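Structures given as structure tokens follow.
Across the two complexes that follow, chain A remains constant while its partner is chain B and subsequently chain C.
Coming up: the complex of A and B.
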């Protein structure tokens, strides 16, 4: 390995990147765009759910219940309808997420036979929003019910046993305001790195083959290892700049807390980038066609990162075989590290396992990267 | 004219058939993505690892704990003796939440006072935390209700039946088990179709330009419109086949019901494909190499996915972003897909989506055709 040749090779790549404004644009604009878009677009918080009411009774009791729904920040009472048909139409055309149906004998049932039930019809197509909506409605109705019971017991002169019932006092750690943005944004960083890394490197070798410049490169005294490092160093630098950009946007624009240390972030990002770039290189060297190289690169980097890394979809909820596969996905470790650094502020010791896994991946991918290219030189 | 288009079609299909990678791209990859996505993409919350700190050790506290576990949502991860141990378990990731029942829990209940139950949650994943807290609220409310009824039965049996209460009768329509797969499978169908058809169209022209065969095509008597049709019709057909393939995987493998009218789906798919082909054409006019086409595709795809409501609800986005979603054809197509698969709605409900896709398709097509003619000169 000669330092002179390596520097020459890296310089050539740098110049090539600089002279291709589009790839530079991808490298610098894409991360910003992605962060902004995903940071704003990816939210699972369900607030102000559009609610339709079909009040069959229209009594004081039913109005009192509806007041409870109105008071909740989770629901926006949009309209009242007078039949099931209109309600069904509203749900079908996505004008509302849920409908509350108060039966015509609501107050009678509450007064005479004790229990009245309120129908809550939820659009179940989006199961997550539906689940949240059911949870919130349950809380509203339980609150109303407790109030009615309390009044009744007092007027009857009976002791209010368990009248207050249980109060659940949640203490939320690491993400105190339960903002889905805080949970998503650190993961997006991994996504952006995987995307940019894969997109850029996967094409570097394939491009030389397709343009016919590879023969020229082979005829120079440069060794295969120098080609690999020389090609990857510029992208590594770009990737680190991107990472800094992403982290800055996350912390200053989206106001996601950062509780870890910067050097840990830099170290783990470097490890992750090394893995992504090496994998991109292997693919690029193995496939001489740009189209094939880029689509395969996406399949092994972006797809697993967006699905199996746990950045948005919790790994614990996946079926056992898929959970086993996630251990093979290198981005899984990086996402865990990012979330820990941003939200939990744990130190290097707690993340030792993840860091080791990333390092092992970097070594393996680096090994294959050197091999992959040597073969094609012959 | 049609003869020349026909020959171009034959040429495109021959090229597609001879390309081994295209086969992987068109058949294997969509199936694989569909299967992984179907299993991995879920926001459901079950098996929450829960640590229980029971300071009360009463019948009541044990009853409450057993209700949490019996719900199937929570799994007992351990019985730490104090808060520090529970905290340690959450920090190390051995538990996602801890439920703490204080010493005077049963006593407070019997006195008719409010008995607090503290819940410590690892809320790094805010969504799972919120849903889990929702379940805890439901179980807690049911517990309090039953406790009250029980108490009345003992104290004043005559009154017990009269005590008023309001309960909730939940009816999740279209997806009674709130199965995540039913939500995601139609979404993946739309996204896959977009990626495949857009890339194929863009590459079909850019490749010829890059290899230099576009000049050969230009010297033939073919006219720009014919060339354009010849380059898009094959991918329209491929797009329809692709939708059929992923729909088969979704219904046969994941058992997502198809309740609507196939003709409505066909109409929606055709309209969506027109706008997708137009975007592909547009990219091809902007790029001279495949690499550029591929990267430009990304500039379109990421916003298209994010704004479509494919996994993350549009209603949760900031207002400005919600406006932007109206420019995304995929947004409308997903409504059509979910509408036909799950809701069995017809044109009377879906016409606004159809009109919007037709309008967007017409505008995009007009832009790309104009640019396409110029780029050939």
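Coming up: the complex of A and C.
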């Protein structure tokens, strides 16, 4: 291994990246775009759900219930309608996610028996949102109902049940506001690193074959290991810059907390980059064709990382066979690490298993990378 | 002297029964030859004859199927990496980085050959001067004209002062003036003791070589100095016949008694005959009988092109011709 050749190789690759608009676009613009698109685009929260109301009674009691809905951040009361037909049409045309129907005898029933029913119609097309909408509306109504019961008992001269009974006082750790963005943004960072790392390196060897420069290069005494390392150094540096960029966007733009240490982030990112860069290199050396190499690189990085790494779709909820497969997906370890670093702020000891897994993958991928490129034609 | 012996060994090439097959196709078929220090050895042959394959095997880019190739005293099959330190190579297709500046390409290859820093600067300056690229150091290589590109590629290939140079059709697609300039550079390197292998299909360039290996279908069909080839490589004697009209004349000549081969060269026919005296006496009457007017019939010395056509059966591409 000659340091001179390594430096010459890395310098040349840097110059070529700098002069190639496509590489620059992938390296610098893509991460920002991905962070912005996915950071805004994927939200597993249901907030400000559009709500229509058909208030058949229009009494003080029904207005009080509606006030509870208005006060909730989960619902936006869009409009009040006067018949079922309009309500149905609003749900059909997706002007609202749910409709609340308050019956004409609402206040009478409350006064007489202390209990009344309210109809809630939910658009169940998206089951996740529908479930959340049902849950939130039950909570809102339960809140109102507690007040009604209290008043009714008082007016009936009955003792108000107090002190007794059990209640849950939930306290959420790590993602106190239960913002799905806090959970997703660190995962997006893994997605971006996998995408950029493998995509850029997938072009590097194939480009030399396609442009015919490989023949001259391999006629020199440079070793295949020097070619590999020399070519990967610039992409490694770029990858680390991208990681910093993504982390900065996450923390300062999306206001995701960062509770870990920067050096742990750097160390684990370096491990992850080593894996994806080596994968991209193997693909590039094997296919010798830029288009094919970049397509395959997308398939082996973006696809498993977005579906099976747990960055947005929790691994715990996957069926057992799929869950078993996720252990093979290198990005799952990085996603776990990133979430822990951003939200929990745990140290190296808690992440030892994930880091070991990444290191093992880095060694395996590195081994194949040194084998993938041979200095012979054909 | 031992030092001289070492130099001679570093610059020599010895090939014995070299075979290179791709699947069932035999690209190089039992080829043997030697080259010594300071010699310019030309590989002449039609496209697909195997010239490039031989050069690639000698550079260690392809593994020989069988046979031995000793380059710079090293076996290319087992010591390819060591061989590369002693050779310079210019591939058939221009293969420097078009998106690098002239100086960046030179620096890169100086790095690849591990030229020490204090020598690199001076040699890069030398290469720029040789290529005539002074003032263009920061031009993007892709914007250079063909002749300059070729000279720059040569400059990159000699930065480590190799003992042996392999140039695979280095002047293809380059204008005649640049080609002559390039050959002057080749001669300069040979004069300095570098052994140079050049493949070409230009006849005029072949004349510049010390020795030629005429290659057809993977085999060396003739080898020697250009003069030797012209004198001995052909069977029979060559006659020039100026006839009119040319087409029917060729047809007639191909069936004429005593004519072994007939081919059109320019506006005349070249006829290979066994016995020139009988042929010169008999042919004019034969042409007249076939309705062809034959104005002139004389014995000529064969050119390399005649040898090429006679031995390969392939007409060489129109030569650009050396600049006048």
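Here is the rule we use: the second predicted complex is superposed on the first by the 348 of 378 C-alpha atoms of A that agree within 3 Å, B and C clash if a C-alpha of one lies under 4 Å from a C-alpha of the other, contacts with A are read in each partner's own complex, and residues count from 1 in each chain.
Everything that follows uses one rule, which is that a contact is a pair of C-beta atoms (placed from the backbone, for glycine too) under 8 Å apart; a residue touches a chain by one contact, two chains touch by 3 or more.
Everything quoted here is computed from the prediction, not taken from an experiment.
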For this session: Identify the partner contact of A:73: answer first if only chain B is touched, second if only chain C is, both if each is, neither if none is.
Result: neither
Exercise. Regarding the shared-chain residue A:30, is it in contact with chain B (first), chain C (second), both, or neither?
Worked result: first
Exercise. Between chain B (first) and chain C (second), which does A:308 come into contact with in this model arrangement: first, second, both, or neither?
Worked result: first
Exercise. Looking at the overlay, what does A:110 touch: chain B (first), chain C (second), both, or neither?
Worked result: first
Problem set entry | First (chain B), second (chain C), both or neither touched by A:123 | first
Exercise. After lining up the shared chain so the two structures overlap, which partner does A:155 touch, if you call chain B first and chain C second: first, second, both or neither?
Worked result: neither
Exercise. So, A:174: does it touch chain B (first), chain C (second), both, or neither?
Worked result: first
Exercise. Regarding the shared-chain residue A:221, is it in contact with chain B (first), chain C (second), both, or neither?
Worked result: second
For this session: Determine where on chain A the residues touched by chain B overlap those touched by chain C, and list them.
Result: none
Seminar exercise, completed: Seen from chain A, its contact residues with chain B in the complex are 22-23, 26, 30, 33-34, 37-38, 40-50, 65, 89, 91-94, 97, 110-132, 134-139, 141-142, 144-146, 148-149, 152-153, 156, 158-176, 178-180, 182-183, 195, 199, 203, 207, 210, 289-292, 294-295, 299, 303, 307-308, 312-314, 316-319, 322, 339, 343-344, 346, 350
Problem set entry | chain C to chain A touching residues, read off their complex | 22, 56, 59-63, 80-81, 84-85, 87, 89-91, 93-100, 104, 107-114, 153, 156
Problem set entry | Contact footprint of chain A on chain B as seen in their complex | 21, 25, 29, 33, 36-37, 39-47, 49, 64, 90-92, 96, 109-131, 133-138, 140-141, 143-145, 147-148, 151-152, 155-156, 159, 161-176, 178-180, 182-183, 199, 203, 207, 210, 289-292, 294-296, 298-299, 302-303, 306-307, 311-313, 315-318, 321, 335, 338-339, 342-343, 345, 349, 352
Problem set entry | Complex interface listing, chain A residues touching chain C | 2, 4-5, 7-9, 11-12, 15-16, 19-20, 211-223, 375-378
